[in-house]
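Labels A, B and C are assigned to the chains in the order they are written; within every chain, residues are numbered from 1.
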Amino acid sequence: MIARLAENVSLRAAIALVLLLLALFVAPWFANDYLLTVLILIFYFAYTGQAWNIMMGFAGQLSLGHAIYIGLGAYTTAVLFSFFGVSPWVGSFAAILMAALWGAMIGFLAFRFRVGGVYFAILTIAFAEFARIGFDHLSYVGGSAGFFLPVANYTQSDLWTLRGKPIMFYYLSLGMTVAAVVLCHIMVRSRLGYFWKAIREDEEAARAVGINTFRYKLIAVVISAAMTSLAGVFFAFYYNNLFPEEVFSINRSIELILAPIFGGLGTLFGPILGAFMLTGLAETLTTTLAALGVDVPGAKQVFYGICLLLVITVLPEGVWPWLYRRLGLAGRSE
Amino acid sequence: MSALLSVDGLSKRFRGLVAVDRLSFQVDQGDIFAVIGPNGAGKTTLFNMIAGVFSPDGGTIVLSGERINDLSPDRICRRGVGRTFQIVRPFPALSVEDNVIVAALLHRHLVPDARAHAGEVLRQLDLYDKRAQRASGLTLPDRKRLELARALATDPKLLLLDEVMAGLRPTETDRMVSILKELNRSRGLTILLIEHVMRAVMALAARVLVMHHGAAIAEGAPDQVVRDRAVIESYLGAETV
Amino acid sequence: MSTDIYLNVAVSGVLTGLVYGLMALGLSVIFGVVRVVNFAHGEMTTVAMYFAVVLFATLGLDPLLMMVPIAGVLFVFGYAMQRWLINPFISRPEHSQFILLVAVAIILANGLLIVFGPDARSVQTSYAFDSFKIGPLIVDATKAFAGLAAIAVAAALFAFFRFTRLGTAIRACADNYTGAQVIGLNVPRLYALTFGLGAACVGAAGAMLALVTDVTPPLGPSFTLLAFVIVIVGGLGSMSGALAGGILIGVIAALAGLFYTPSAKGMFVFAILVLVLLFRPQGIFGRRA
């Protein structure tokens, strides 16, 4: 059921989608800088959620160490740009290559040695933590003291070097998210997507109908890793500073999986809806607490945690599948 | 007729327990071949070796003249062996149609082609009207047929059926028998089945192999086998024919 | 440098490793029976550490004595959490359980931040700088007490599981869920009890850890990860494996810190984790499945 959500898009859904895109396209003309940064954050999570969802939502492989791909993408392009003047657009190819190689190695080892389930999740954490501590000691990129991209006060945005104002990053993040959705939409409806879903549902049965599960799981990891590395590129050029303790941290891995699970695993719009709701929730909490004059560090996160707990308890499949039924967007009832 | 599958001296031990003991038999092209025997006789182990789930400790399995020992289950399926599981395992969250499309995609690269093929198979098995249902919501007979549909959609030369009749009512069994007969007749599909339901075995099989304690104790035409003393003592004596 | 220094560092590693092993034992017991990976394990540990810090700072109570009541409080917490919060998630997929426990972790860590603020706290006992001299060895008194206490708690837990009816019932649940239900065991209650016992291990370990390290609210994830490493190296679900894994990881981390730089010791630890996961997933001390 979840897997088919995207397939029978009704007219209503199509219209809603076009309107949403239009609204997002013109949003910067009406939004202030604060709202723009919130929207950028939302798209960052929607994009990374989409990338992670390929592995977990489609192919059923739980990765809790996606920070490694964010970090590799961020550091690769930042170093190429700062030391060699290579544009991030070109550097992205190197980032994709790096992340894909690491993903392939992790996947190869895990799947060859039949590390599955919880053990696989912990293996991915181990690699990310290994990279974090490794980069802490890599003096070439500043070690734990961090790595900084050259920043100036920009009057104009330079798209080629990704130096500029938030509005450029807004459209960039929007574009990345739309591209990710389109790519996932194509993949999930293809032979590849069917094989992934079969593996997710029952790996032994998938093998029994002739699917080389090792290969298709590996493909899922590589694509997911490559896509996530581009979020790392964005991270580097948007924030302009990189600390291993931050980019590779387990918190980075956890935050990027919340949106797709919250929104609805294995759906195309789940990660987007989840990103909107969770980021929106966090920002609402910030402003509400500020308005109430509550200035206690941690208060916001406690509420956030409680909301997360409530939603996962009440809607274990995520918000989108529930909303989808509620809105009557389903093409046919089951 | 030539042998599609030939099993020679096949053995499998689990921690000293001999599950299959130097078993040899041949399944001819276009045959329906049944393996019967009491629980624990090693039938499912035999199946799992042919399907590539276990690798044999000794002996050979040859399919169309090629040795398939030690190949992985997916490669064996790609060589033309479709199988069902004794305890059915459809892809639960996928629709009936998607379950079959996955299998049909094995030899087809485009989803529309696979969907068309899946449609044909589903019609053959009276599941077409239920194609939009989630597989986990099906009744047991429907799930058994879905299991069969999925195996068929991979275009097998040889179909391995592990107790597809178990749990079916007599009318459903008869329906399944006629479906299998039709498949065998129209496509020349070779079928190797493990079965407890003797009614189905008698109606379907051209040849029957009786297993006991991992070894073959009788082989021959069904009506000949059921009169065999050893078979009656070890197996049929306890059950009604 | 003489070999004495290595020996001293190794002994110190063994003692700290025992305490970490006790914490990890909690994780292992919970996973072994309830089949839930407690991703809030580290946060529960920091909560226990804060209990110890507060009891010491306000009433001057020694964490080694307070270990028992703190374990009791954590037991109640763990019992309630399993009974009311986690139990409905038992049959849900792993990622669902993961999010639930991450939510619990977020609430605990930030709750601590609200109450205690971001500054590091510690316990300074009168014997903080004492040490025992045994031949060439100089053993830190605090670590020696903590290590011995960890052994005592673990021994009590072993005895419980082996010799009491309740312990046997819990082991039956772990072996065969359906079977346990069939013979009329109250599985949800036994699960809650197990989670409580796991949490009690965390409580005792946390009280001792407060003697050895400073505590800050965001310390949780690193404890969780450490516990993962230890139980996987020792064999997930194995009780003696958790303690042995704790000792092994403690020694390796201590020696790696000595040979290389202390900040990089984590790399060795995670490298070992990766190797164990690939080549001996049942753990170095675990039995082959």
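The rule is simple: a residue touches a chain if its C-beta (ideal position, glycine included) is under 8 Å from a C-beta of that chain, and two chains touch if they have at least 3 such contacts.
Since the structure is predicted, the reported quantities are computational estimates derived from the model, not experimental observations.
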{"item": "Chain closest to the middle [Cα centroid of all protein chains]", "value": "A"}
{"item": "Greatest separation from chain A - chain, by CA centre", "value": "B"}
{"item": "Comparison of A-B and A-C by number of C-beta pairs in contact, larger one", "value": "A-C"}
{"item": "Centre-of-Cα separation between chain C and chain B, whole angstrom", "value": "50"}
{"item": "Distance between chain centroids, defined by C-alpha means - chain A, chain B (Å)", "value": "44"}
{"item": "Euclidean distance of C-alpha centroids - chain A vs chain C, Å", "value": "32"}
{"item": "Parts of chain B lying in touch with chain A, wherever the complex brings them together", "value": "51, 53, 72-75, 77-78, 82-83, 85, 89-95, 98, 101-103, 105-106, 109-111, 114, 132-134, 150-151, 153-154"}
{"item": "Residue ranges of chain A touching chain B (in the complex, touch as defined)", "value": "1-4, 189-191, 194-195, 197-198, 201-202, 204-213, 332, 334"}
{"item": "Chain A - residues contacting chain C, complex", "value": "56, 62, 64, 109-110, 113-115, 117-119, 121-123, 125-127, 129-130, 133-134, 136-137, 144, 250-251, 254, 257-258, 261-262, 265, 296-302, 304-306, 308-309, 312-313, 316"}
{"item": "Chain C residues within the chain A interface of the complex", "value": "37, 85, 88, 92, 94-96, 98-100, 102-107, 109-114, 117-118, 217, 221, 225, 228-229, 232, 236, 261, 263-264, 266-267, 270-271, 273-274, 277-279, 281"}
